[in-house]
């Protein structure tokens, strides 16, 4: 697996080719070192088309499309803050106080595209897109018009995660039945309470 | 060696019938005589059907490196009995939206049509239920009724697969009926008769040890092959089993049939297969006559059934080997290969008569058939760019 | 790029006809003898010609990914067996490879050889049975399938004596394989490798020259290289369309760079090419087997430093892929540093290969649909997961 | 030959016999279900089978014209065959001229066939 | 009038009546087939084996199938039967039918009464052996009626061409 | 058939007994399975019919694709909630007498996948099962064992009397309600008329 | 030429048909209930518990550590730890399972319980003829049904059992060796 071109180079090429596009490099610290590019919604299709058609890159093969759920996270961190504390003596005094601060990181849904080049035989290049939130605005542009291979996988991400891919030719539930209300692969999905026969527990 | 006992064995059933008929009053004799023939047909061929189902299952098994049914009764021979009992006691389900009367009549009609065909089959010397002078025509006319039965079954079920199967079946049966009739015309031309009894009788002579079977002429051989191919298609056997192509349309026109009605369809199909094989034997393979003059001491009916079993074995063999054709290929084959070939066989049979005996007419007739065969075959394959291919390799 | 061209044409044709009500709408499946499991195609027929075909699946969606995200890295391995249930060995390998990438685990030499041997045996039995099933769909009453399963049983016997199970081997581990193989086992594998070409000859004798087979498959379900690449088709199906892309050559994962073998390529991309490519691939697999069996070294079979139970890879992600018998089998893992994968995603080759099913089937008839589907080589366990 | 029967009587008897052969087991099966194993129709059981789904749309739809075309061509050739049969029977006693007359008849039809072939009528769709 | 004739005539008539009165078109076709088969039976009853069997082969085997296809082709299997159900329409249809039938019958009767066979003395109508009958038909066809035979062939070809042209309009993509 | 049963049967009279024996003999030797493969187990089911194991020896190789002609439904593999209505409908469409073999862990209880949100925890929640064969997947021999168990079961069935099997009783149902797709799962989650667990968790 | 391939195919099936009467390779059927293939030594189906000696209760190797219960992918094992302890094979006081159930209707025969068991207490059985019409009674195996002797283990997996025994013996020897000096010390102290 030759990663001939680094993420930085791709980012630069991308920004040069698609004016106004914003991309962010997300580092992957694991031994696999498959870093990814987070791209914005508005230019995603253009960026994708560029990646596919650029003669140097020719990322003609979109292998894998995955949905990922990142629910709201509460990060608890201890911060040293200077605070004016009223001492028992009644004096106002500035002090370094350690304080636990809770920050809510709003959740979002993510679609990860693994791209390869069949022609140049390099890859993977990892593209990511993130929705604004996990609720009503879970929308992403569909890359199916660029790579047909994303068709079923985007449908699957829609089915199981609830990511709405705008511009998808046929966005319906694919694995679950029509009329199913939940998005079962989300981390906060709770399956319906069924009478579970646990013969072991007799 | 005395001829008498051999002849007696040959005619044993005929004599038996005479003997039995002799016991009834003269007025009832024709009826009883007919009845005896009818009962013989009604008993014999269904029994053969039962036997063939085991034979088929075991034969296929052997071709596929396995035993096939061998536990029910000795060597699995009672398997059809078990199947019969099961079918008889199985619930009979008729779809709510089906056309019930037609749905009920279809299997009966198919079985009746299949049975009727046996009336003209000479299963041995002097052993035909009736000797119609238009016997062959009668056979085809009765066979035409089967098409109607199939349509009734498929249409009345109100099931999409059934209807598809029925339409396939009719299109297939009508397409192959033409080459079927045309290829038998060659024999009729040579024999100068439409009577099956007479045609069989014509072939009972010998030159040296060789029999006068029509299959032993170039046009006869070609005609026989065409006839058997068309017969395979007429009876919906593999590789022409599209109407019940399980992998495509479930069970074709009898998808909605259960219980014994389904068994009747099965029976009807097999009876049709025996009947048409029997006709093939009568027309081309010398009917009940022995293959060599020195084997005439074996009773004629044994020869007939031996030939029948051999043809059945070939049917089973083909079923075990060949994949199924597609509808358009099937129709193409019927109209663009079988029909021209059948016409040529007819013409060559005519030429055969006008040419003098000798090597020349063999060559002429052979060429008349072989050359178009090669050309038409090539047209079928190369017209569609079908052939073996070579492949590239990347290191 | 004209990836969407076919679709547009189809809809135009449909509206032009304007006889929607007069066409026969049939659902083929989920219970249909030749949908290879519980697959369904909603087909619209004009006579017998297909004017629309929508694949419907999910009838075997058994939540593999969700279950794996709730289970430890080790516990996911037996579940991978049940993805493509004909090829548990390659599934194991794909997953092990992804975890090895994620956690940076080395694999000992001998284990790599055993992996190659078992994977190629898997490929042999998968391709052989696939051709059997394809012929079954074509209406050959079981004979090719029976012959294929006769050979498959021999390979399954090998698997059973090595791993204890016929189908669900649960054999590979991240960092190696579970148990070592004996020299008798290698000998038995050698026997199979050397007798397999005879079986292939028999198969070819039985089928390859058969006019009916050729007529049924040639020119049927043709897939252009352009569309194949764009639709993410992989495996023998892609190579039948003439694209030279075999991960064993491209990624050189494991130790595939040590073996000499060729990649057969088709020129038409039709069903016949797919059939032939698989036959030829089997012959190449036999070559790999012979080489691997001759060169297998002694040594440990699993990385001793790796913890199987309670593996906690560093937070991060990895995408690992192998050339499964059906195509590119990929596993995408995200670790959050705990004992369970945070995200576990399978890239199922047979599901993505279905993307072009409609394109291949339009304008053909029902009998072709069955054969085309058969040539795609799907296993519902993998399609639906 | 056996007792010189009226062939049609045998055939009619055979027809009735065959019908009885088909009906008898059906009657038996009906009796069996009356006596022992009651039939149990139901809304699902008596609905149309369609791969396990509920059948939608009508099965009795308009069919393709090619079926009709084949039926026409078949009818023509069937009639032709009917004419050929008496010819074949008396063929052995016919002169070459009569045979040529038949050949002309044949060729006329073959020409029609070839025409239909060229027109693509014989191409199944 | 023999018993067999009676049965066959009833069968034919019954089939014909059913073909006109049944509601489902496919049923009508099946009833028509019965009528055609009954007619064939009548031929056979008269000793005209060849004609009777040919009638079954052609009419039951081919024409009935053709009509079936035609019925399925028009998809009118259900709808058409409801067509023209107004009283007046029915009446006029009935009247027209009766008139046509009467006309046909009149013409047939005239032809039959003037046919030479009827006027010939009974003695000349020799009872031919069946086998000879087949051959006689063949001989007559190939000698006396050879010209009509060729005309027949021409007509059949014309019919083929005509029908195909008509049907091809239904099937534009075949051209 | 054990001796006791024979004696019991002879009370019904020779006629019935012979009938019964013949009936059971016919049924047990002509069990035609429905061509019905769901998942992994289906491959082993196919392997069972193949040359090495050859289910045909028992006369059971006639796999019928149409439920109208089938006697036995081998539920071979995971039944998902999406598939369950179809399975029940197919079962309903089979004519009586009909039998069910639940092959493999998934068919019996949902097996390894029972925690999945789309997996039915055992087909016996909706239709009555005659024989269960555990294993994941069961070996082909195990399926044959199940088949032989079924044959024995058929052989022991009575034609008359109160002990006679379900399909001979007029008031017992031969079809069962097909569950419907709900917003969160199947409705109802099981059919209490069929499903008699030892105890339901949480009760 | 048309028909060539078909004839070849027919020849192939004929060869197999005729071969089935003479060649074992061409008739591979094993007539199951009467004939069986020898099972592979490694074959596995469902787990069982090993006990040493004659008493299943006493000799059970399982110490109810519940690792297998936790690691079992489909979670088909149910263990309840005992309140008291009993000596294990080296004489150490250990808990034992008061309840040890395996739901074979769920078990996926993956062998992970065997792999993770540190006490060589659970192994895979090869028994597969388990079909039953008793859904709940027949498919839930309790401790009594699961416990099998070491000899049984030897009879189905001889090589593996030999290795296990060797390992256990080694451990025992180690413990004994450790115990001896300790004992000696004790004695010395005394």
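Order as written gives the chain letters A, B, C, D, E, F and G; numbering starts at 1 within each chain.
Simple rule for what comes next: a residue touches a chain if its C-beta (ideal position, glycine included) is under 8 Å from a C-beta of that chain, and two chains touch if they have at least 3 such contacts.
Computed from a predicted model, the values in this text were never measured in an experiment.
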| item | value |
| --- | --- |
| Chain hops separating chain E from chain A, counting only touching neighbours | 3 |
| Chain E reached from chain B - shortest hop count over touching chains | 1 |
| Most extensive contact between chains (C-beta pair count) | B-D |
| Taking each chain's C-alpha mean as its centre, the one farthest from chain C | E |
| Distance from the mean Cα position of chain B to that of chain A, given in whole angstrom | 67 |
| Inter-centroid spacing, chain F versus chain B (mean Cα positions, whole Å) | 39 |
| Chain B and chain C, separation of their C-alpha mean positions in angstrom | 43 |
| Where chain F touches two or more other chains at once, by residue number | 35, 50-52, 54, 57, 65-66, 68, 82, 86, 90, 93, 95-97, 109, 112-113, 115, 117-118, 122, 136, 139, 167, 174, 197-198 |
| Contacts with 2+ other chains: residues of chain C | 22, 24, 26, 30-33, 48, 58, 61, 63, 66, 78-79, 82, 143, 146-147, 150, 153, 168, 206-214, 384 |
| Touching two or more other chains - residues of chain E | 50, 54, 57, 61-62, 65, 69, 72, 75, 134-135 |
| Chain F partner contacts - residues on chain G that touch it in the complex | 28-33, 36, 45-46, 73-75, 103-110, 128-139 |
| Parts of chain C lying in touch with chain A, wherever the complex brings them together | 1, 3-4, 7, 57-58, 61, 63, 65-66, 101-104, 227, 229-234, 243, 245, 250-251, 253, 313-321, 328, 330, 332, 334-335, 343, 345, 347, 351-352, 354-356, 384 |
| Residue ranges of chain F in contact with chain D within the complex | 66-68, 86-87, 89-90, 92-93, 95-97, 159-160, 167-170, 173-175, 178 |
| Touching residues (chain side chain C, partner chain B) in the complex | 24, 26, 32-34, 45, 48, 135-143, 146-147, 150, 206-216, 218-219, 242, 244, 246, 249, 262-268, 272-273, 276-277, 280, 365-368, 370 |
| Chain C-touching residues of chain D, taken from the complex the two chains share | 50-53, 56-57, 59, 61-64, 66-67, 125 |
